[in-house]
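Each chain carries a letter (A, B, C and D) given by its place in the written order, and its residues are counted from 1.
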Amino acid sequence: MNRPAEIFRYHPGPEDFVWTFGGAAAKATVRPGTLLELFTEDCFGGVVRSKDDLVSLVCNFPFLNPQTGPFHVEGAEPGDTLAIHFVSIEPARDWGASTTVPLFGALTSTVHTATLQPPLPERVWIWALDLDTRTCTFTAHDSAHRVELPIDPMHGTVGVAPANLEVRSALVPDAHGGNLDSPEMRAGVTCFLGVSVEGALFSLGDGHARQGEGETCGVAVETAMNTVIVIDLIKGRSAPWPRIESDTHLMSLGSARPLEDAFRIAQLDLLRWVAQDCGLSELDAYQLLSQVVESPIANVCDTNYTSVAKVRKSWVPGRSATTETHERLKAIGAAYLADLAAAAGKETE
Amino acid sequence: MNRPAEIFRYHPGPEDFVWTFGGAAAKATVRPGTLLELFTEDCFGGVVRSKDDLVSLVCNFPFLNPQTGPFHVEGAEPGDTLAIHFVSIEPARDWGASTTVPLFGALTSTVHTATLQPPLPERVWIWALDLDTRTCTFTAHDSAHRVELPIDPMHGTVGVAPANLEVRSALVPDAHGGNLDSPEMRAGVTCFLGVSVEGALFSLGDGHARQGEGETCGVAVETAMNTVIVIDLIKGRSAPWPRIESDTHLMSLGSARPLEDAFRIAQLDLLRWVAQDCGLSELDAYQLLSQVVESPIANVCDTNYTSVAKVRKSWVPGRSATTETHERLKAIGAAYLADLAAAAGKETE
Amino acid sequence: MNRPAEIFRYHPGPEDFVWTFGGAAAKATVRPGTLLELFTEDCFGGVVRSKDDLVSLVCNFPFLNPQTGPFHVEGAEPGDTLAIHFVSIEPARDWGASTTVPLFGALTSTVHTATLQPPLPERVWIWALDLDTRTCTFTAHDSAHRVELPIDPMHGTVGVAPANLEVRSALVPDAHGGNLDSPEMRAGVTCFLGVSVEGALFSLGDGHARQGEGETCGVAVETAMNTVIVIDLIKGRSAPWPRIESDTHLMSLGSARPLEDAFRIAQLDLLRWVAQDCGLSELDAYQLLSQVVESPIANVCDTNYTSVAKVRKSWVPGRSATTETHERLKAIGAAYLADLAAAAGKETE
Amino acid sequence: MNRPAEIFRYHPGPEDFVWTFGGAAAKATVRPGTLLELFTEDCFGGVVRSKDDLVSLVCNFPFLNPQTGPFHVEGAEPGDTLAIHFVSIEPARDWGASTTVPLFGALTSTVHTATLQPPLPERVWIWALDLDTRTCTFTAHDSAHRVELPIDPMHGTVGVAPANLEVRSALVPDAHGGNLDSPEMRAGVTCFLGVSVEGALFSLGDGHARQGEGETCGVAVETAMNTVIVIDLIKGRSAPWPRIESDTHLMSLGSARPLEDAFRIAQLDLLRWVAQDCGLSELDAYQLLSQVVESPIANVCDTNYTSVAKVRKSWVPGRSATTETHERLKAIGAAYLADLAAAAGKETE
């Protein structure tokens, strides 16, 4: 009974990627309840492979952040909410790349925070990934320091076609999702996105083996991913901003500049979510959240900055209308993983 | 050997509070190594006690955020760093108060984010505090919801006299510390503040039984505190921005507007701290921190907004020059607490 | 010899408007040197006609800011600059409309500067326009005040298809132009826009009989316009941000949030323009501009805020590479207006 | 009858300057109606005299922006407004200095907009001032360009002791005035400042021979000034933010970060000024100002950014309560200047 409606496998070839949300033809139509096994390429299109592969030399702007998709979801209409449950996000390579990029990142002037200063030096760091130990290894350039860190795989980019007739670059985070660059987008959570066009047209990409809060230098440990998701549709419920539910938390993600506007959006969206679904007045929700909210920053480097507002589910009354969906999709994912494990067990017998 | 240089006890009376950093005469001179047992009043001066005690009625602006101090630290000179280790922070009452304040907070227009809209309604919530269960209880006004939450006591305000000949209101967070409103300022950590005037002139106040990240409505669960600290002086080392060290993490706190500037300050200060003390080049530190930094927001309601950059000590090479101080002060605090416990044990025999 | 390559007349019907930059098929192809006689509808599509026509009742978001165009310019390629000279901008009606719009404008919270406060009341002001006296009349709702002000007609919106594969709402100002809402976009100036797609695909709309700097309430004195432009192409010269040249001034327009980023963009773009075209080092240009620049704000209400940096041509050395184009297009416009006047003279004989 | 209450002459010596608003003893007590003949030193204390006098070498932070004053105004109490009419502002030297300052200015990263990039090169430009031709001459370093520009003398800094028990550096602009750096603070205008402490304690300094809007590089054409003012007191009327009245315009000056908050403050303060004094409802004032306001930026380099909102007096109904004061002080200044001219005439006979 915890079976997906169907299983859809998609490994895009070099010509199959798209670079925008909206504006591209659907690669396939999938039904709500479908489990998708997807491959995503890294944000550089896989071409940054060594310390000599400077982004300014090997990448071709705006062809960054290749998206796997878009997928048309049967029955999705404006005013609905698309649910995307992340069953697993696993690095598809044993290395990841990170870099400085000229005039990009939080600790440099940029095209928008424009100064007369020259850009920072361009550098590439190749990180070793080890799926057995679940670690990634940083190797310093200018000293002998090496350190092993836990991997915490996530997708920087997940989104749907935007509202207002727009097509947005895959580098942009906004109300449609997109390049949110939040470490909260990890396996086990369900992401909710408001649908703005028929079929929703969702896609994802930009896998990170791990990322700090804020993505300070503008680039995480970028790697290709094998990712399994289950999708579903909540008819007649809209989500003004991207939302995430985990087993323990509800989260809203605001994207804007300046950063305090992103913060305000996320806090107000979470407040209204909690007030409406959990039966608190807005002022009571304002008070309660003010004492319990966690506010991890997602990114301070992209076209919009992204701030997360996060509350423990056990600390708010009632139950979010999304929780049933989260739990059902999670059960489907768990059954799938159990089947895989069983099959792997048989194989190794 | 883990004994403080001396023990100084100070319980200010109603006339003893100050409302600024800088500009007030020292209440006492203390030597480095002194353990201080202090009482701090809540941010309202203790006058918000029931739901009818609206801030606009019972408080007298600018007499908010009363400070316990200032204390002159013997030998402190500009260019030194003051270390303040928090041994314990314990609510001095069995209740705390939180409120909305007209045109103050993150989800309302303010005097600075000025709009034509009327202010939000003014409300008071009284929280019950229970030191035995270490909980505080939220009671909704407009529904039957009640929830018990863990207390996590902290000081919103800790600072020294500012640089540049200035005197700042105790409501302001900046390079001198002040009203940082960070939940990281809890028992067990050591706070480092750059000294700008002879004697440092530090004070503290604004105890919170708990606070969410961002202090969204502008007010935490405000309560009086009995707080024990040990202070020390690091000669000839300056701290451009407030820093905190816990057993596990190094943290920098940037305060500015817009919020991305507070973020940048905190990230760059932590980067330079790690680079200098731990032996990484700045670009290597930029890369490493970008993948491991935690960036909890402290406040998005005060005169400046405050952002924290936080790194696990085990993930950076070497050892911060502050760690010896943190560990020594912690040992003094532990010995003091052990003595207290022993004494309490004898009493109950 | 001051004749346009051709004259192109276009009065769109109700079905002919577009609502985006990029993403719409060209309405016509025009050669560089063409003079275009265009009609533009007001930002409301002409449906706000009385004080009872509240935007929330009569408008259908996102169908705001109808654009006349887009036009494909023969030979325009990425890396070129499109020149649009405004020969005349004349109100096509004897009234204009302005309004408050819920959660839109500078002195209200918005979807992005999100607060818990309710929106401001919704109001419509109908302004009388008089082309003979060149005035518009404000009539207060809540008192007897009336005042006649000079009209100063302008286009809020002029732009080309954006870069990075994007399609942007006609409500957005950015590097492609769009909804800049600058009073500097008046008759007599030449606007320069960097071309990002083949054919440039420019359009314009959003006529204002007059507008304050900042468009504080978010809405100017909106009216339909009969507008005459001459277009041209500067091959092989790119304009990173919209630029305007008048007989007396060079101007750059930066659009971003926060507003200081828009300011920085405009100032740096003007600085580089002056340094490159006029033969100053960047630091000398920085110094000179710092003492002579005018910095009128365009809008503080749109998706991005827009800031103008403006320098008197006689105060910088040399001559901008754009001046020849400006003067040539102006001469074509002058000849056209002289012909019109002559024809009108004959008619009235 | 247009005679000042008294004439007070003050030429501070090197030891007489102060560097803060608030926190310094009054140099003198003056009655309302007094005309003051004052000398102000330039922001560098007069020590930047040649291209080799780099600020980082010859200046001693925080001893920048020396203030002439403070002066205690007899009878001034919190809740009153101080009026300062500028009769004349005349350069006291035949040269002015401008510079880049490391990590200061709009087109560089700063201590608050913190990046890893090194500062811009440090340079000094000495401008020749000619009071006969009323010009100042820019001489480029890196090319042969020279250009004569009109002088437009102004004070960057004018303020009173701040509220909230604070003492602020003379480099800070805020509600108390201070380092507003607005070219609108020129001879002929009256500046209105809300009084926060007994005696008001006003001072001024930071003369500029001319300055662009925004003071982009952070430094204007800095020079010493001989300045004549007439002061007065409006009892029982407060000014929440600095206001300026000229013969033709009313202006409000907002100071904050980000720049849009400074814009909002200025626009809302002007709106309320016009609504209250001129008899418009707030919404009608919002509409009218939105179509007529001028919004020149003052500075985008100081601790707070400053934005001006400016409306032509003939375009609003009624008459500001400040106009009588402005006209009376202006008449006193005119009589004084006429006497001076007459005396000079006699001398030259």
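The rule is simple: contacts are C-beta pairs under 8 Å (C-beta built on N, C-alpha and C of every residue); 3 or more make two chains touch, one makes a residue touch a chain.
Model, not experiment: these values are computed from the prediction.
In this assembly, the chain whose C-alpha centre lies farthest from subunit C is B. Chain pairs C-D and B-D differ in how many C-beta pairs are in contact, and the one with more is C-D.
As a whole-number value, the distance joining the C-alpha centres of subunit B and subunit D reads 37 Å.
The centroid of the Cα atoms in subunit B and the matching centroid in subunit C are 50 Å apart.
Distance from the subunit C centre to the subunit D centre is 34 Å, each centre being the mean of its Cα atoms. Among the residues of subunit D, those touching two or more other chains are numbered 107, 113-116, 120, 257-258, 264, 267-268, 271, 283, 286.
The touching residues of subunit B, counted against subunit D in their complex, run 19-20, 22-23, 62, 111-116, 163-169, 171, 254, 256-258, 261, 264-265, 267-269, 271, 282-283, 286. Those residues of subunit B that touch subunit C in the complex are listed here as 107-109, 113-120, 258. The residues of subunit A lying in touch with subunit B in their complex are 98, 100, 106-107, 120-121, 123, 125, 138, 140-143, 145, 147, 149, 210-221, 257-260, 263-264, 267-268, 271, 279-281, 283-284, 286-297, 300, 305, 307, 315-317.
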